[in-house]
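Alright, structures below, take your time with them.
Paired with chain B in one complex and with chain C in the other, chain A is shared by the two complexes that follow.
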Partner chain A sequence: MTALDTRPETPVRIRKPALTVRSIVRHPATPAFIGMLVVWLSIGAIAGRGLIDTISAGIIIATFLVIVGIGQLFVITVGNGGIDLSVSYVMTLSAFLACQIMAGQDSNIVLGLVVGVVAGVVAGGVSAFLIEFIGMPPLVGTLAVGFGLQTITLIYSGSVVGVASPALSDFTTMQIGPIPVFGVVGVVVAVLFAVILKRTPYGRRIEAVGQKPVAAGFGGTRPSLIRASAYVLSGGMAGLAGVFLAAYSGGASLGLGTSYQLASIAVVVLGGSLIAGGRGIVSGLWAGAVLLTLLTTLANITRLSSGWQFIIQGALIVLVLALSRNPIARR
Partner chain B sequence: MTTSTVTRSPRPLGSSMRDRLGSAFGSWFLPSVAAVAIFAIMVALRPLVASTTGLNLVLAPLIPLVFAVLAQMFVVAAGDIDLGIGSFIGLANVVMAVVLPTDLVGGLLLLLVMLAGYAGMAVLISVRGLPSIVVTLGMSFVWLGIAILILPTPGGAVAPELVSFVRFTTPVVPGVVIVLTITTVLVALFLNRTKYGTVLRGSGSNAEGVRRAGWSVLRAKVSLYVLAGFFGLLSGLYLSGQTGGGDPYIASSYVLLSIAGVIVGGGSFRGGEVSAVGAVAGGLVVGLLGALLQFIGVQSSFQAAAQGLVLVLVLVLRASVAWIQKVRRTR
Partner chain C sequence: MSDRSRGDTLVVEGVSKRFGSTLAVDDASIRVTRGELIGIAGHNGAGKSTILKIINGQLAGDAGSVTVNDVKRAADQTVAHPEKIGVRTVYQELSLCASLRVDETAAIFDHSARGLGWRRTAWKNLAAVLDDMFPEHGIRREAKINDLSIARRQMIECASAFIDSTVPPVLVILDEPTSSLDAAATVGFYAYLQRRAAEGVSVIITTHRLHEMIDNLSRIYVMRDGRVLGEHAAATATKDSLVDAMGLASHEEARTPTASALGRETGGVARSTSSNEVIVRLEQSGEDGSPEALEVRRGEIVGFAGLEGHGQLTALEAVYRAAGRRGRAGRNRRTPHHSVAVTGDAAYVSGDRGVRGIFPLWDVAKNISFSSLASVSSAGLIRSDSESALVGDWYRRLGIKGTSADPITSLSGGTQQKALMARAMAVGSDLLLLEDPTRGVDQATKSDVYELLRSQADTGQTIVWYSTENEELRNCDRVFVFRSGRVVATISGSDATEDVIIALSFGDSTDSTHEEELAR
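And then the complex of A and B:
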């Protein structure tokens, strides 16, 4: 089954992007874009709110999810049961660290961002070490790192009162005309990583290792190193997203990253990437992130309780997984 | 000091079955020794722990955790991991505290529907070849969402009959010891001494073999998940009786702790290799360790990290033992 299912993704087909209607309809990212449009239009219909306002607010908030999700996408695409459950804890810790360093001063923006990202990279490095060199299942390794980080955050946050720098906060909410700058950042990041994944040797190795580690090994890559790099990347991206999110929401809080643990996996699945690895779709991830964000907006407008929001989010993942076209047995 | 006892276990992996120590004692032996050792340290610190009242006080909070570990054990036996058990137990707790006292039939029906949900997950995971991690993670949000819908803030009151059932004890032998012993013996006999118990374990380690022997792998998986759900409900029952109220988030820490308990108890993520006695002992080790840390005066915020660290240590030492054995064999 596996051999047959993976055939449609041979490089031959990727190199010939003939833009027929059929190829667009069959593209794995299409359902996410359709879902996004449906939710967007129904918000307009139900709330009577301006469509432009809705989407420009939506893509700002979705950007945090896009940044975390890309890291998660690399970890999942690299295969071997890869999953990063530590992202939410990395985000929270990085947010606290960056807020303490920035302390409301614009001059410390770069240092704050760097420290936030480095903290994430270190956490990702520890996960990678536990998983690739000790041989833990990714789930346990990242969860253990996550709980360690949570404890560090709990102890550390008690003594810290930090504020994000005003300039960074303004940056996340700034608009030029109707165009939200931070939303554009999200699109640029998505395009950048789509190019990295599909057009650079490193990205091709990520997918190759996810499809057949042994074959990729014969092709001259070290699968365990490539996999380790994905966890490091995921940690760094989560750190970056945490700093931005703290700037956007005015400061760090203990629950800052919590909802991103499931959501980061959800957007990868929603976007048409294979949960078993080997195929990552960054464009679909972006659409999935906007879809999830707009879904929350819709739930807030219609005054759905948080219970329903949880149920919808959870059921959506299971449904999309159950209906996705080529599931490959992994566990 | 206690971890070193656990970690000497040379037999978590099937390849070590031929080990001499392994033939003398099952994989349950070392975790049991570790549990007794931790308990002995606690008695040495506070001699009153050994009295009937002391035993009840120390062991009672561990019973829900031990049931959660057993639930996780059945899922691990299927070769899967359940990330939704914490929310599931939380929902069971909420149903028992809010729905059952007012509407007995409706509450019981709801609990049955939850069990059916576990069967449904098993079918989905088995038939569509989905990764259990993502399905159970998605479902955990569904359970949590339903629990929050029923009970937005902690509250409710468990029926007094339920409370007295859970707090049942005898003057000589503490009730908790009776419950633990009966459960352990029943589950161990079922898994190791009955035909279907062997089929269930076999379905996790060698599904193809079980299929060729004429047993339904799908039915085995459903059975394992339903058993897991049943023990999740039991865990919720004891939590409800002990706390007397409902809280959707009451068991959120059980996700990592239950996995830790199974692994400390000699289980393997590859499926099939589980031991009921080991799982109970593993649950006791993880739980008693938390109590011991409290005794020594370790801050509660450190405890999650300490328990996570034990899990990491056990896995690291197991990996190194497996590595040493491999080196020896190849020589």
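And then the complex of A and C:
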């Protein structure tokens, strides 16, 4: 076509990053996995409990955190100071809504799940509107939505007594042989969203907007819409986690989601994602969630005073974060 | 005293630096006398930036010595605060803090601005240099760096290198200082350098704008593959002699501007009669207030010229926003001076790579495929084989070196720019919009880019091209010259010489809208 094509062929090597020991050691998720293994083995050593029992209980409970954390990961990865502080309030409200609808009837499972997720999506939509169109900082915008939801929940929960459907409760604790079914759900959800983030155009746009929103805009993307979608996703995931958690714990309660507000952020960072956005690591998030869950178990079985438990938890988290500070992660 | 003033400010002897398997600088020696302006010429990757970083002490060399102001140090020693020995550096990739105000930024460079009123002191010192260097800079002290155009950010960087501060500058190193400046600002900049040189300040400049070096400097060192091949007196050097020394392949020389301009003239005429589809329509009110329309047709290359900040960029961005997304119609857009309508979709390439171009956490492949994700996906998933095929294809067509798994930030500026061109061209859009795409890019890459644009236009892609470098507008079919936000003249590409464009962009009178444009 032009002189450019008649030029002597330049050798073009399209190299895929090879899976070497070095690349595994340097992978941002590695510290979280190592931390998870260390805590897991320590529990076995200290308590003499079965390792299989420990991990299968651990990954069931971690799954709630994985589901909320994935939404949080998308919000953080999309950048612009993205953070979702409303997730805990969404979980609690969705739990109450779903329990009222299911009312102990297995026939209402689907409707309960849908309503729980839709409530989260609506809340996420409101956050997105406040942040992207009104221009509030994410920290304030999502907290405002969270407080709103908390008020609604307080008023509404007084008049409701609901119970989750027994089938859904059984599902969250079911084991097939040694394999916890709900733990497998957590792994499947993590794999699904890892694929979405790394292998779909939408996921690429999430990471691109998180790195350079202006460049992404000139590259044919609408940064504000991509960011808005992350809040909606986060709300939906929090709603889903809330319904499952209510089913697992036998019913909704006002403090249901509280511990997930900061834990969901912690697992994102523990997993090697950049808190400033642009790079999300879902596999690391899964390991981070299991790590945090097992850490609570470890703290409980050591029978130390709660002060010491917190110190040990804090020290381990600091250690994992220190390990994950490789030069590439440091921007 | 007179003996000292004629001494050498900088002596570099036998400096080498190796990065992995690449010998970036190979036994290089350079000498700069007091009050001398010298240049270093060479292609991207010739080792210019590396040797400059060794000179200012940011990077440790492997061998050799650097003597600044009669103080000798081994090249493997780094210097934490080069400004304390009077060495200042302006890097090619602009490095101002985006969220600070102009006066706050000035205080970072100016160590004399301390105590109460530090902002005022810093601004006073910076403004003194700015007013001298760029009389029409139009920069306000309370403006945020983020909101300034790339040209104004460059002006601030250049000016801050010449503030007296606590230690006055002795040696100033400028890496592509004028890459975003328009012709008038560039003239003012070099005039200022001459005045400071007369006071004894030495300056080293690297730029790909060879004629600037020839016109304004005393000597030019030429580097290739890490070696200093020799020095040329600027008085006797010509652009061709420098290009020869830098070692261009023979096919580059064949493309002299006149030959290609002539070839294009006939082609341009043929095309404009064969295709009449209007892709871009700019409406503005004429001198007498009646509306007039400017049209860009399919397959045309149109340049936006004029002095910096006269509305070219505003118009270009409006064209991008007015363009439709793939398969959807665009909407009309209004700017203060134009109403813009576009048929078809558009892709955009910016020369401001750091902010508007690259995704720094990704490898080159993801950077290139970003705008074409739909075409390499099936069933919603990105197919890695299609993606590698697309990326490999553009690696070949643009002659990008290295592998596509390299991090984008490991490439030189010119190669990053090629990757960004590839990203935009891979879209296959109706319209390709270029915002100073050859900023800080060497002559060979520029020639590649010009040829590539021509071939894209021949396949029916319309190109609108904003440039601060008037010389390259000869590669356009037509050039719109902007003044005070309006298009004041339309000339054919073959008529678009530096002199004509400058004459038109200054015009006879400046009206009040000029001020308004500058104040933005």
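Here, the second predicted complex is superposed on the first by the 288 of 331 C-alpha atoms of A that agree within 3 Å, B and C clash if a C-alpha of one lies under 4 Å from a C-alpha of the other, contacts with A are read in each partner's own complex, and residues count from 1 in each chain.
Quick note on the criterion: a contact is a pair of C-beta atoms (placed from the backbone, for glycine too) under 8 Å apart; a residue touches a chain by one contact, two chains touch by 3 or more.
Predicted model, so just to flag it, every value in this text is computed and none were measured.
In the superposed model, A:G220 makes contact with chain C only, not with chain B.
Once chain A of one complex is fitted onto chain A of the other, the partner contacts of A:E207 are limited to chain C, with no touch recorded for chain B.
In the superposition on chain A, A:G278 contacts chain C only, with no contact to chain B. Between chain B and chain C, B touches the greater number of residues of chain A. Legend: residue contacts after superposition of the two complexes on their common chain; A:L37 is shown touching neither chain B nor chain C.
Contacts of A:V118 after superposition on the shared chain: neither chain B nor chain C is touched.
Touch criterion met: A:S305 reaches chain B, while chain C stays clear of it. In the superposition on chain A, A:V163 makes contact with neither chain B nor chain C. Looking at the shared chain after the overlay, A:G314 reaches chain B, while chain C stays out of its contact range.
Overlap of the chain B and chain C interfaces on chain A: residues 328, 331.
The touching residues of chain A, counted against chain C in their complex, run 1-5, 7, 9-10, 12-17, 195, 199-201, 204-205, 207-208, 211-212, 214-216, 218-220, 274, 278-279, 328, 331.
Put simply, chain B touches chain A in their complex at residues 79-81, 83, 124-125, 128-135, 137-142, 144-149, 152, 256, 259, 263, 269, 299, 301-302, 304-305, 307-309, 311-312, 315-316, 319, 322. Interface of chain A with chain B (complex): residues 81, 83, 130, 134-137, 139-140, 143-144, 147-148, 150-152, 154-155, 262, 265-266, 269, 275-276, 305-318, 321-322, 327-331. Of all residues in chain C, only 251, 320, 325, 347-348, 350, 355-362, 365-366, 370-371, 373-374, 377, 380-382, 384, 388, 391-392, 395-399, 401, 403-405, 423, 427, 448, 451-452, 454-455, 459 touch chain A in the complex they form.
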